[in-house]
Amino acid sequence: MDFLRQLYDMTALGDLAVQPASLLMLAVAFFLLYLGIGKKYEPLLLVPIAFGMLLANFPGGGMDIVDQEVAKKMGLLELASEYGIMNLLYYSLIKTGLLPPIIFMGVGAMTDFGPMLRNLRLAFFGAAAQIGIFTVLFLAIWMDFTLPQAGALAIIGGADGPTAIYTAIRLAPELLGPIAIAAYSYMALVPVIIPFVVRLTTTKKELRINMKEQDKLFPTSRPIRNMRLVKVLFPLVLGTLVAMLVPSSVPLVGMLLFGNLIKEIGSTTERLHSAAAGPIMNTATIFLGLCVGATMTAETFLQAQTLKIVVAGFLAFAISVAGGIMAVKVYNLFARKKINPLIGATGLSAVPMASRVANELALKEDPTNHLLQYAMASNISGVIGSAVAAGVLLSMLSQYL
Amino acid sequence: MDFLRQLYDMTALGDLAVQPASLLMLAVAFFLLYLGIGKKYEPLLLVPIAFGMLLANFPGGGMDIVDQEVAKKMGLLELASEYGIMNLLYYSLIKTGLLPPIIFMGVGAMTDFGPMLRNLRLAFFGAAAQIGIFTVLFLAIWMDFTLPQAGALAIIGGADGPTAIYTAIRLAPELLGPIAIAAYSYMALVPVIIPFVVRLTTTKKELRINMKEQDKLFPTSRPIRNMRLVKVLFPLVLGTLVAMLVPSSVPLVGMLLFGNLIKEIGSTTERLHSAAAGPIMNTATIFLGLCVGATMTAETFLQAQTLKIVVAGFLAFAISVAGGIMAVKVYNLFARKKINPLIGATGLSAVPMASRVANELALKEDPTNHLLQYAMASNISGVIGSAVAAGVLLSMLSQYL
Amino acid sequence: MDFLRQLYDMTALGDLAVQPASLLMLAVAFFLLYLGIGKKYEPLLLVPIAFGMLLANFPGGGMDIVDQEVAKKMGLLELASEYGIMNLLYYSLIKTGLLPPIIFMGVGAMTDFGPMLRNLRLAFFGAAAQIGIFTVLFLAIWMDFTLPQAGALAIIGGADGPTAIYTAIRLAPELLGPIAIAAYSYMALVPVIIPFVVRLTTTKKELRINMKEQDKLFPTSRPIRNMRLVKVLFPLVLGTLVAMLVPSSVPLVGMLLFGNLIKEIGSTTERLHSAAAGPIMNTATIFLGLCVGATMTAETFLQAQTLKIVVAGFLAFAISVAGGIMAVKVYNLFARKKINPLIGATGLSAVPMASRVANELALKEDPTNHLLQYAMASNISGVIGSAVAAGVLLSMLSQYL
Amino acid sequence: MFETAWSVFGIGMVTIFLILGLVVLSGNLLIWAVNRFAATPPETDRPATRPQQTGIDEETIAVLVSAVEWATRGQGRITHIQEE
Amino acid sequence: MFETAWSVFGIGMVTIFLILGLVVLSGNLLIWAVNRFAATPPETDRPATRPQQTGIDEETIAVLVSAVEWATRGQGRITHIQEE
Amino acid sequence: MFETAWSVFGIGMVTIFLILGLVVLSGNLLIWAVNRFAATPPETDRPATRPQQTGIDEETIAVLVSAVEWATRGQGRITHIQEE
C-alpha cells in the first residue's frame, strides 16, 4: 500500500485530480498543435507556442512560468534553481524584451524593400490600415482593461507577431499568452478575414481596377537606376525618420533596419546576414514560442479576459482591413489614377499572406489583374506602420503602469 | 633581480611549485584528449571536456569553476568580473540545468522513431536494461555517498550523457565532472563492455537466433500505412504518457520530443529543426563540454570519490547490459517467437553504438543475421528508459539535498 | 495646442534641441558606415559598430549604454527593464568579457598554422612588431591617462580587434568605444600605414630580397612528413607554453587554440568546428559590434581623450611596423641568409591584410618575389604576440584599477 | 481614460500618417538623388538570386522572388519561371 | 538509507516497465488508429532523404538511413546502396 | 608611473620574445618528433579542401588556400588554380 502511495505521489495524477483545468489547457494545446501541423496555420510559431503550453500544463513538470512578483525578488540563478529552465528562459529572453527585436533583425534580414521602393506612393496606405489598433483601444477600455492592457490588446490590430509580443511584454506581461495566440491565429486566418471584410466594403467594379493598366494610362514612376545603392541607403533614411519622430520604436524598427542593411550591403557582410536570417532567427523563434506558450496555464488563460481579447483582437483586425480599404476609396474620389482597394487591405501587414490573398481576390474578378507587386508595397509599409503604432502606445501608456 | 622576480611572478611557475597536483590534472586532460582525438572515443564530447579541463588546470588562467557557495552570493555580472568567463558560462548554462534539455532537443531532432515503431514489442526491453542504475544505488550508498550523490552516480548506468549530466547537476553538482567523464568514457567503451558481458551471459545458440526468420515464422506486425502521421503523433502520445507518470522527467523528455516533433512535421517547421539539430546542438555541446571539463580541478578530481565513481559506473553499465539480456532470456522461456538476447543488451541505450556492436556480434555467429533494425528499437527505447529513471531519482531523492 | 505639445514631446526633437551633440555623433556614425560600406574598411565590424552608435545616439531611443556605476547595483533583469535590451546585451556579453574569447575561438577555427609551421623561424619576428604597444604606453601616461587606461590604449598597437576589446573591457571600459574604433580603423588602413612606414625605413635593395631564392641558396627547413598530426599537436604545445608563462592570456589564447584544435582534428569534430567558425562567430560579431558602438554617446566620445587615442593609436601601429622591420634589419646584419624586411612589418598582425600588402609591395620592386607565404608566418605569430602582450598588461596593470 | 484614448488615437494616427508620408517623400528624394548622382549600373540587384532570362518583366520577377522568400521565410528560392 | 534505496529501486523499475509497456500499447493503438482512419499514402516518409530504388526492402533502407544519421550525428547521408 | 611603464616594457618584450622563441624551438622539436616517430602519410592535410592537381607547388597552394580562407573569413574556397 505504501509502495503504491509513493508511486501515485510521484505521478501527476494526484495534481490532475485537484486541478482538472489543466486537462482543458492540454486540450487547447493539442487543438493549437492541430491548427499548426494539420492546418498549417503559422506553424513556425504556433507549433512552439502550443508545445510550450503543453509542457507548462503537465502538472508537476515544472515548465510553467511563475508570477513575476515571485521572480522579481530573485536573481537568475536562484530563479533557475527554484523554478527550472523555462522560467530562466522566459525571464532572461522574453520578459527583458530581448527576443522580439532579435526576431525583427531576422525579419529585416529577409525583407526586400524593392517592391515598396518601386511603388512608394502606395506605402502611404500602410498608415490607414493601422486604425484598428487605435479604435479597439476604446473598446478595450470599455471592457474594463487598464490603459496599458488596452494598448497591449489593441496592438493585435497591427497584425505583426513580434510587435504584438514586444508591446505586450512592456505594457501587460500578464496578458502575453492570449495576445500572442490571438495575434498569430488571426494572422493565420488572414485568408478568411480579408475576403470577409472586402466583401462587406467593396464593389466588384472596384476590385477590377487594374493597377498595371492604370500605370500605363498615367505613367509617373521614374525608373530606379541604381537599385542596389537605393536599397542600402533606404534603411538608413527610414531609420533616421522613425527614430526622430517615435524614439520608443527604435528597438524594433532599428533592429529591423540593421537586419535589412546587412542583407543589402551584400557579400562583405554576408556572414552577418546569414547568421541574422538563419540560426539567430530560428533559435529566437523556438525559444520565443516555447516561452510564450509556457505562460498559458489554466490560471492565466481560463479567464473572461481571454475571451475579451479574442473578440477585441478580431475586431482590431477587421477594422484595420476596412480602414485601409476606405482610405483607398477616399483617395479614388479625388485622384484620376485609381487604386484597387485591395491595396488598402494589405496595409494591415501580415506579410506576405495578405498580399497573396489580395492577389487571388483580384484575379478572381479579372484573371489578368496581377497586383501582387503593388500589394507588397503597402504590405511592407504596414509592418513599419504597426511598429510605429507600438512606439506611440509604449510612449504614451507606459506612465500608467 | 627585481626584474626577474616580477617576470617569475607573472608566470604560472610559482603556482605550479605550490600546487604540483595541477600537473597531474594536465596529464589526465592530455590523456583524455588522446582518447578523444587518437582513439576517437566520443570526440564530440571528450575533446571539449578535456580541453576545458586543460584550461581549468593551468594555474592562474582563471578558467576553473569556483565553489558554488562562493558563487551563490553573487549576481552573474559580479561573478564574471571576479571569476571570469568560464564561471559565467558554467553558472548560467550548466548549473541552471539549461544545456542538457537543450541538447536533448537536438538529440530528438536527430532521432528517428521509425525502427522502434516498426518493432514496438522490442521497446519493452529498454526497461530491463535500466536495472544497473537502481542496483548500483545500493553500492553507492555502501560506498558512503549520500543519497542524492548515489542517485547521480547510479544514473551513469543509463548510458546517456545529457541525462547523466542533468541528474548530476540537480542532485550532486560537486560530482559533475567525474560522473560526466565516466558516462562518456563508458559510452565510448561500449564496443568493449557489451561483448564482455555478452560472452559471460549468453550461449552461441542464443546469439544465432535470427530475428528476420522469427518474423517469417510468426508474422504478426501489422504494416504501418501512414508512417508520416504516426511519426508526428507518436511524440505527442509518448510525451503525454511520460509527463503523466513521471512529471520530473518533463524537462528532458519534453524537449527531446519537441525536437523530434519539429523534425517529423517536415518542411513547414524545417527552419526550426535545422536550428535545433545544427547550431543550437553544436553550440550547446561546445559549452557543455568546456564547462564540465572546467569543474575538474585537482581539488575536486583527485579524491577517493573519483575512483569509486569509476568503479561503480562500470558496474552500473555492466549490470544494465546483463539485465537487458536476462529479460530476453526469461521472455524466451515462455514465448514461441524467440528474441535474440543482443536485443536486450542494446536496451542500455548508448545510441547507436550499442546497436552497431550488437549487429556485429550477431554477424560473427551467423553472417546472415542482420539485426541492426531490431536492435535500434530497444536501443532508442533505452533513451526514454533512462530519462524516466532520472525523473524517478530526481523526484524521490531531491528531498534529501 | 495641447495636442501638438504631446506630439512634440513624443518625438526626439525636444531632446535634440537640448543635446545637439547627438547630431554630431550621428554624423560620425554615418561616416563610419560610409567607410564600412562604401570603402569596405573592415565591414564585418565597422558596420555593426557604426549602426550600434547610430541607435545609441537617437535621443530617446533607449539604446545607449548607461554608466557602469548605475548598472552595477542592478541585476540583469532589473537592468533590462530599466534600460532596455542594449544594456542587457552589453552588460551580459561585453562587460563580462565573454564575447572576445568567443570570437577568438572562431578566429582559431579559421586559422591555418600551416604557413607558420613551414617557416617557423620567421615566427620570431612577430615579437619585435609588438614594440609599438609598450612604447606608446609611455606616451599615454604622458598624455595623462591612468596606468590601466594607458595599457588599454597601447594595445591598439597589437593590431588585433578582439584582443584590444578584451583588454579595454578589463582595464578601461570607459574607453572601450574609441579604442575599438581606432583599432579597427587602423587595421582597415593597413594598406596605407604599412607602405608609409616601409618607405621611411627601408631601401629598394632590401625590398628586393627574394625569400625563395634565399631558401634555395641556404636550404635548411626540413620537410614536414605528417602535417595533419603536427597541426593537431601544435595548438596543444603552444597553449601549454603560453599558459605557463602568461596565465592571464589563457582566456584569449586558450579559446583561440581550442577553435584551431577542433578544426584540425577533422571530421570527428567537424560539427563543433562548423558551429565555432560559423553561427557562433557571426552572432558574436553582430552583438560585439552593436554593443561597442552603443557605448559611444556624445558624452563619452566627444572628449579630448578620443583625439588622444586616435593619435596615440596611430603611433602605436606605426612603431610596431617599424619595430618589426628594424628587427629584420638587425638580423640581416649578422645572418648570411637574408630576410626581406617586409616579413618584419607583417609581424604587426592584422591578418591577412598585412601579408597581402607586404606581398604587393615586394612584387612592385620585383615581379617574381612572391613572399605571401613567408609573410603569413610572422603575421600569424603576431596574433599570438599581441595576445601575450595583452596578458602582460592585464597581469601587471590590473592592480592599479 | 477615454480622454487619454482619444489623445492616443489622434497622436497615433497623425504620427503614422506623418511618418509614412515622409517615407514616401524622402524615398522619392533618395531615388531622385541616386539617379542623379550615382546612376551607373542598370538595375542588377543580387545576381546570385536572379533566375535565368524569361519573357516576364524584371519587376514581376523581383516581386515574385521577394514573395517566395517571404512566404518560405528564406527557405525557398525561385530557380525557374515559365509563362503560361 | 538502504530502505529508501529499496523504494527507489522498486518504484523506479515498476515505473519504467509501466511506461515502456504503455508505450508499446499506445503505440500499437496509434498505428491501428492511423491505419484505420488515415491510411492514405503508402509509406513515403521524407522523399528528400530517400536514396534511389534498389533491390533492398524499404524497411532495411529506413533503418540504414536512420543509423547513418545517428552514427554521423546528422552529417552523413546515404546516397547509394548496393547489394553485395 | 613611468617606472611601472619601464617594468611593463621590459617584462612585456622579454616575455614575448621568450614565448615566440620557445614557439620556434618547440615547434621544430615537434616537427622533428613527428617526422621521427609518426611520419606515415606524405603531406595530405584536408583532401576535402584540396584543389585539383596543377603545376604549382604544394606549399604555394596551401598558402593560397589559407589566405583565401582568411580573406573571405571562411566564405570563399579555391576550386581551381591556373598558372599564367
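Letters A, B, C, D, E and F mark the chains as written, and numbering starts fresh at 1 in each.
FYI, a contact is a pair of C-beta atoms (placed from the backbone, for glycine too) under 8 Å apart; a residue touches a chain by one contact, two chains touch by 3 or more.
Keep in mind that what you see is a predicted model, and the values were worked out from it rather than measured.
Undergrad: Measuring centre to centre with C-alpha atoms, which chain is farthest from chain D?
TA: Checked the centroid distances; the maximum from chain D is B.
Undergrad: If you list every residue number at the chain B and chain C contact, are more than half found on both copies (same) or fewer than half (different)?
TA: Answer different: the two copies use largely distinct residue numbers here.
Undergrad: Just grab the chain with the largest centre-to-centre distance to chain C, centres being mean Cα coordinates.
TA: E
Undergrad: Report the inter-centroid distance (CA atoms only) between chain A and chain F in whole Å.
TA: Centres of chain A and chain F (C-alpha means) sit 50 Å apart.
Undergrad: Determine the centre-to-centre distance between chain D and chain E, using the mean Cα coordinates as centres, and give it in whole Å.
TA: 47
Undergrad: Need the CA-centroid distance for the pair chain C / chain F, whole Å please.
TA: Result: the chain centres lie 19 Å from each other.
Undergrad: Would you please write down the residue numbers of chain A that are in contact with two or more other chains?
TA: Counting only residues that touch two or more other chains, chain A contributes 6, 10, 44, 75-76, 245-246, 271, 278-279, 392, 396.
Undergrad: Indicate the residues of chain F shared as contacts by at least two other chains.
TA: 7, 11, 15, 73-74
Undergrad: Per the contact definition, I'd like the list of chain E residues that touch chain B in the complex.
TA: 1-2, 4-5, 7-9, 11-13, 15-24, 26-28, 30-32, 34-35, 38-46, 59-60, 62-67, 69-71, 73-74
Undergrad: Mind pulling up the chain E residues that touch chain A in the complex?
TA: 7, 10-11, 14-15
Undergrad: Can you check the complex and tell me which residues of chain B touch chain C?
TA: Residue positions touching the partner: 6, 10-13, 15-16, 26, 30, 33, 37, 40, 43-44, 47-48, 51, 54-55, 58-63, 75-77, 80-81, 84-86, 88-89, 278-279, 281-283, 285-286, 290.
Undergrad: What residues on chain A touch chain C, complex-wise?
TA: Residue positions touching the partner: 71-72, 75-76, 91-92, 95-98, 101, 232, 236, 239-240, 243-248, 250-251, 254, 258, 261-262, 265, 268-269, 271-272, 274-276, 278-280, 392, 395-396.
Undergrad: Tell me, which parts of chain B touch chain E in their complex?
TA: Interface residues on chain B, with respect to chain E: 44, 110-112, 114-115, 117-118, 120-121, 123-124, 126-128, 130-131, 133-135, 137-138, 141, 147, 150-151, 222-231, 233-234, 237-238, 241-242, 245-246, 266, 277-278, 351-352, 355-356, 370, 372-373, 376, 381, 384-385, 388-389, 392-393, 396-397, 400.
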